[in-house]
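Below, chain A partners chain B and then partners chain C, in two separate complexes.
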Partner chain A sequence: MKRLVVPLLAIAAWLLPYGLDPYAIHVVDVAIIFALLGIGLGLVMGVAGQINLAQVAFFGIGAYTCAILTTRAGLGFWVAAALAVLAAVAIGLVVSIPALRVQSHYLGIVTLGLALAFINWTTNAALAGKSEGISDLPVPPLFGVDLSSEYLFYYVEIVVFAIALAFALFVVRSPLGRRMRAMRDDSLAAGALGAEIPLLRITAFVLSGLYGGVAGVLYAGLIRYIAPETFSIANMFLLLAMVIIGGRQSIVGCVIGAVALSLIREVLVDFSVYAQLGYGTVVVLMVVFAPTGLAGLPVRLRARLRGRTGGDRRGPAELRPFTPYGEAPSGDPTGVVLEIRAVGMRFKGLRALDDVSLEVGAGEIRGVVGPNGSGKTTLFNIISGFYTASSGRVVLRGTDVTGAAPYRLAQLGVARTFQNLRLFGDLTVRENVLVALDRTRTSWIWRYVALPWTVVRQDRALSAQADELLDRYGLTDFAGARPQSLPYGIQRRIEIARAMAMSPRLLLLDEPAAGLNGEEVRLLGEMVRSLRDSGVTVVIIEHNMGLVMSLCDQVTVLSSGRVIADGPPAAVAVVPEVIEAYLGDSTYMSHESQDTTSRDATSQDTTSQDTTEAAR
Partner chain B sequence: MQVFLQTLIGGISFGAVYALVAMGFSIVYRTMGLVNFAHGSVVMIGAYAASTFYMASRLPFPVAIVVAIVVTGLIGLIIERVLRPLEGRDFDLMLIGTIGFGTVLEALAILIWGATGHAVPSPVTAAPLDVLGIKIRTYSLLVIAVATVATVLLALFLQRTKKGAAMQAVAMDPQAATAVGIHVGRSNAMAFAIGAGLAALAGGLVGPMLYVSPVMGGSLGIKGFAAAIFGGFGSIPGAIVGGMAFGILDSVAAGAFQGYSELIVFLVFAVAVMIRPTGIFGERTVNRA
Partner chain C sequence: MFPRKLHRTITAAAAVTALATLAACAAPGESTGGTADATGPIKIANVNAQSGQLSPLGKWENKGVKLAIDAANKAGGINGRQIQLDLFDNQGDPTVGTNLARKIASEGYIAMLGTSESAVTLAMAPILKDAKIPNITSGQSPKLAALKSPFLFLNAPTSVTYDETLAKYLVDTKGYKKIALITNNGTYGAGERDAFLASLKTRGITPLGDEVVTPDQKDFSASLTTIRQQEPEVLFIGAEEVESGLIAKQARELGLKAVFAGGAPMGTEPYLTTAGQENAEGSVVSSPYLSNDTDDASRTFAAAYQTAFGEEAEVHGAKAYDGARILVEALKQTGGEGGQKLADAIRATKLDGLLGDFAYDESGVGIHATQIGLVTSGKLVPQTAS
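Now for the complex of A and B:
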């Protein structure tokens, strides 16, 4: 059934002009151009999560460049068209620069401002024909086919559109699209998994520039007259409404929204104010009641129905046991993996870390403990590149990585999990893992245009690895689920699986036992030991002292941003400062600690006062 | 020098209006984290309402503005109520939702007042003051004075009254505010109404300076928003400084580049945001992992 959809659509598209009068075909031609714009906006906004209110300016750049080069410079239409698309892509590149610095509403207003700047230029520059615009563009030549006929132009458009749609769908489903969606859901976590966030943002804007440029060229060829009002802010908002109503996260949804709204606008052309009132209202209703747009409705309805009939008929999904990794082949690795040299971190007046130094040897499990607010997570954020230390250095396997971006560190083999779980909410569990498995650089993207089949082959290989990994972590039953719908303990395990999918050398675990029950904590301990045995060095922040004591080879204790103790668990647990930091009463505790020096078990109980009971 | 001072005066009076618009943005943003893209359209409705009551109903100008504030305050309440399910959830959706509201308000304005717009006579007929050869329109002085009074009243409200303090508390931590018995929804609605009221004040004041039309909201809103970001989004002093800076930039650019002023203004703005995204008074937010 599904295999028939494409040929049927192709036949329908081929036959469509035979049933339309000259006016209707014009409307359809314009709708296709809007659909192209919609795809571009969908890619940059829905897929990559970059608010871009300059899409209409990309459209304008394409159309104006084409018009100026043909009428003023006397170039042939197709040469001008190629240059026009390049110009739009270049402008996309320029507009992406603010996106590297600002996001969400800031980016919205900057791009809107740039769109206004473009409109301002077109209405003032003699080159662009001021407010009268440019008329008498040449008819695009095509091997003697008369493209001044809108019927024949339709076929040009539909071919371009089919290619553009196929490419967009390919990009969205490919590793690149997955990375973009991951970035949209959580750019920090995506960066920590090795996605080069700046390059991805640029790519998103370049794609939207490409689609805008192509749409602009087609518009110039179809109408052969351009004026500033076509590229106004009002039309930008119309385009936005198309994408929102259709469903911004789905490319097909964007197309449907664009075509539907273009047709409705034509029907209501004599009541344009009411049309505006109508689509504005629909946009408001959509964001409140159906944020995924028309494209998301089937899924929502299905979910609603399933809820009523009481779940699907498959057996209950269960978390299977973890299959330990094999021993590392190279025997015991040696040397220092991570070295923190006198790192300090200041936030305005607050000193979060002060002269912190530590060394983690290869194959070690290092615990980092300390009261809340002692700077443990800040330390992790520095090691994984989210913060740049105010002073001191971070050295990874002999390489100074102080101030390196998170994705750089991820590529160097640093993986981490997050205290508050940062799974990509709109991606399935499988896709979450796939994002991490993909170790290619974003600069690899030239293959998407030049060698698409290698992308497909690589994606298939990744898929196989993902299945293997999910199986190892016992997560196969949840592969297709959204992380948020799963119990907390399973989400924790997904995060570890996702981090391990990067095949890291150094794994940072931020409170992996938080919220787990006793049995889950025991399994976690076994899992971490197995990860270490496979050759990964582990640094773990944990409040569960039972786990820390039984698992870690070395423990570093932080208090108020300073290292107060460092050594094997049993030795650290009896240091007076440690007990004081945890319990606060110095006179009483120092007395007590002397008492317990000889009795290890008691001192462990003392330090685990704020932890949940753990099974040993 | 004289030309420059003349430009400066013109910039400051527009800057006062931008500052009012920016304050409207900021108070809504800081209280509920909502970026209200419909704000410009609310300003436009305010301008229409004030000028209509002033010209057609022959109300005195100040009364007309007060009526306009009530009208837009109600509109603000409606917008807040409709978008309440999205509060604190999805930033991008709220942004798009308010853009949708802006479109609706613009369409309504065209339906009520027509697409062409109208000019508003100045309510102050006194001759321009002549200070050292610089002509200062008396209406400009009025605008600056009213904007100053409004700013002072707003600051007093936020700092000296219980309701204002509650609003500040909601801004800092909605959950903690709920825990101490503040009705967050009501506080948000009030913030929104105040923001919309400020929009009407700005619109009413700008009416005699510009041509009142359905599309005026677009450029006023965008410039006011840009001014808010310029000064530091969510900060009241930032909104004032940003508004003034933007007004002056606007009038200097208009003097130097004529038709291309908008192009220059937004290019400067884009560069400024890239250099300092947090604006002049903005807090540097830290990404918490």
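Now for the complex of A and C:
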């Protein structure tokens, strides 16, 4: 059935012009151009999560460059078109630079500024024909086919559109698109999994520039007249409405939204005051009631229906046992894996860490314990690159990595989990694991254009590995589920599986037992031991003292940002300072703790006053 | 499994090929096209901005057009056929304009009146030319005339004419030499600036100042202070009605003594109200339609306009009214037929209109002169140019 969709659509697209009058075909031609813009905006905003209000400027740059080069410089249409697309891509590259530093609404302001600057330039520059625009663009030549006929131009457009849509779908479903979606859901976690965030953001804007440029060129060839009003902020809003109504996270949704709104705009052309009001209302309603847009409606309806009929009909999904890893193939590598030298960390006036030093040997399980606010998570954030230490050095296998970006550390073999879980919510469990499995560098992306089949082959290989990994962790039944829909204990295991998918050499576990029941904690202990046996060095923050005592080879105790004890568990437990530090701060429940990576990881609570059994 | 899949693929491929062959026999869209009925009402499209920044212009134009067409229908129409006037909103957007051009072409409209935005008219012109639909536009950009489309006509002079007349009066008649400009960078303002600068250049005059503002600006003190220091005798204002009024008002408040001069907007009611009668006093206006009180024709028009819409007529309505009357005259000649015949008929129409005597040349310009008026006690008083 699914296989028939593409040929059927192709035939429908082929025959469509025969049923249309010249007006309708023109409307369709314009709608296709908006659909291309919608794909570009969907890629950058929906898939990569970068707010981009400059899409209409990319569109304009494509159209204007093409117009200026053909009418003023006398270049041929297709040469000008190629240069115009390059220009739009180049501007996309420029716009991505602020995106490296600012995000969300700040990025919105920056890109909006660019769009306004572009409109200003076109209305004032003599080169761009000022407000009267540029007329008399040449008809694109095509082996004697008369492209001034909008029917024939339609076929050119539909071919370009099909290629563009196929490429966009390919990108979204490929490892690159998965990384972008992971970045959208949680850029910190994506960085910790080795996704090169800066390069990914640049790629997203470049793609958006590419689609904008192509749409601009087609516009220039179709209308053969350009003026600033076409690229106004009002049209940017229209574009935004198309993407939001269609469903920004789905490329097909963006296309549907663009085509639907273009057609509705034509129907409403005689009531345009109300039309603007109508778009506004519809956008607001969609955002509030159907944030995933038209494309997300079937899924939501199905979910609603299933909720009403009471549960799914599939067999009961269960968490299967973990299959331990084999022993490390080679003899235990000896030496120091991680060395922290006199690290200090200050947040304004607050001293979170003060002169902390520790060494973790290869194949060790190191516990880091201490009362809430003692700086444990801050230490993890420094090791994994989220924070840069105010003083001191972090050395990884003899390499100084102080201040390295998370993705760089990830590439060097550092993996971590998070205190309060940072799974990618809009990705399936399988995709979560796949993001981590993909160890290719983002600079590999030239292959998407040049050698797409190698991407497919690689993706297939990753897929097999993912199945194997999910099976090892007993997660096969949940491969297609969204993490949020799963019980907490399973999410914990997914996070460990995801971290292990990176084949790390150093694994940082931040309170992995938090929220687990007794049996689950026991299984966790076995799992961590198996991970160590496979050659991974483990550092674990944990409040469950039973687990720490039974699992760890060495324990480091932090209190108020200082190391107060360091040694084998039994030795540490009797150090007077440790008992004192724990006096009044014992049976920690992890749910009290707050966001690990936010600055308030160090802000303090002085909760329960119980004594700890375990610390004794 | 495999052979069946292959079989299905082959079938699909064969089907596509068959359809393609079938399709190749006739390229789509060859036979279709809007063919106008010889019976029933004659369909005329009025395309104007009804929303957006320029919608006031569009509304005035529509009233002028309506007045003329209603009168024609009341007088029996064309050969007993009524004229059906439909209004379309171009939103001031050229892309929407091209959509509308296709729409009116395919829905059997035989002529188009409007738009008041030159940019939209420019975008629509090639499509209307291909569809052989005559268009009488209210735009006055020189670029419209430069197209030399046989289906495009202007219902007013181009900016060049306005400003040539103005420069002639100011420089040649009055002997002013110290002139400064303030214009906006919209289509209208930019056209005015280019045309007036060209007229000054031919007279060997370099303006003291040349300030450019934006169409939605409200505070002009920065530009006007610069101009004040140049102490011009004349300040040329190239902007729409309300903006011109704001500029005049703020210039006087800053103590600028120069005479204000400009095109048609400065003879209108909104200009006079915004600027204030005192400030507008003495403004020199170049316009083909000075007031509702110049002669019998304008008085009749103004009275009819007042009755129909309950408001005072102004230049945009008058322009559109003239354009619509020319179309009606031409339709009477062709007996309701459109196409090349109608275009020829429009070109041949000589009309003694509100704006002057229309006589179209090959570039589609029918009026080649404007008049000079002076704002005196809140009224525009014609000046007999030397």
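What we mean here is this: the second predicted complex is superposed on the first by the 583 of 616 C-alpha atoms of A that agree within 3 Å, B and C clash if a C-alpha of one lies under 4 Å from a C-alpha of the other, contacts with A are read in each partner's own complex, and residues count from 1 in each chain.
Following the convention adopted for this analysis, a contact is a pair of C-beta atoms (placed from the backbone, for glycine too) under 8 Å apart; a residue touches a chain by one contact, two chains touch by 3 or more.
Only a predicted model underlies this, so the values are computations on that prediction, with no experimental measurement involved.
J.: For A:Ala10, is the partner it touches chain B (first), chain C (second), both, or none of the two (neither)?
T.: Second partner only, chain C.
J.: Is A:Gln276 touching the first partner chain B, the second partner chain C, both, or neither of them?
T.: Both partners.
J.: Could you say whether A:Ala317 touches chain B, chain C, both of them, or neither, answering first, second, both or neither?
T.: In the superposition, A:Ala317 contacts neither chain B nor chain C.
J.: With both complexes superposed on chain A, which partner does A:Ile97 reach: first (chain B), second (chain C), both or neither?
T.: First partner only.
J.: First (chain B), second (chain C), both or neither: which does A:Glu229 touch?
T.: In the superposed model, A:Glu229 contacts chain C only, not chain B.
J.: Check whether A:Gly108 is in contact with chain B, with chain C, with both or with neither, and answer first, second, both or neither.
T.: A:Gly108 sits against chain B, while chain C stays out of touch.
J.: For A:Ser131, select first, second, both or neither according to whether it touches chain B, chain C, the two together, or no partner.
T.: The answer is second: A:Ser131 touches chain C but not chain B.
J.: Who does A:Ala117 touch here: chain B (first), chain C (second), both, or neither?
T.: So A:Ala117 only meets chain B here.
J.: Thinking of the overlay built on chain A, is A:Leu165 touched by chain B (first), by chain C (second), by both, or by neither?
T.: Neither partner.
J.: Would you please give the residues of chain A that touch chain B in one complex and also touch chain C in the other complex?
T.: On chain A, the overlap between the chain B and chain C contacts is residues 123-124, 273, 276.
J.: Which bits of chain A are touching chain B when the two form their complex?
T.: The touching residues are 45, 49, 51, 97-98, 101-102, 104-106, 108-110, 112-114, 116-117, 120-121, 123-124, 188, 192, 233, 237, 240-241, 244, 273-274, 276-277, 279-284, 286-288, 291, 347, 377, 380-381, 384, 386-387, 418-419, 422, 510.
J.: Given the complex with chain A, which residues does chain B contribute to the contact?
T.: For this pair, the touching residues of chain B are 35, 37, 82-83, 85-86, 90-97, 99-104, 106-108, 110-111, 115, 218-219, 222, 225-226, 229, 233, 259-263, 266-267, 269-270, 273-274, 277, 286-287, 289.
J.: Using the touch definition up top, name the residues of chain C that touch chain A in the complex.
T.: 8, 12, 15-16, 19-20, 23, 27-29, 32-34, 50-52, 87-89, 91-96, 98-100, 102-103, 105-107, 118-119, 122-123, 125-126, 131, 141, 143, 147, 185-187, 190-191, 212
J.: Quick one: in the complex, what on chain A touches chain C?
T.: 3-4, 7, 10-11, 14-15, 17-18, 20-27, 30, 123-124, 130-133, 135, 149-152, 219, 223-227, 229-230, 232, 234-235, 266, 269-273, 276
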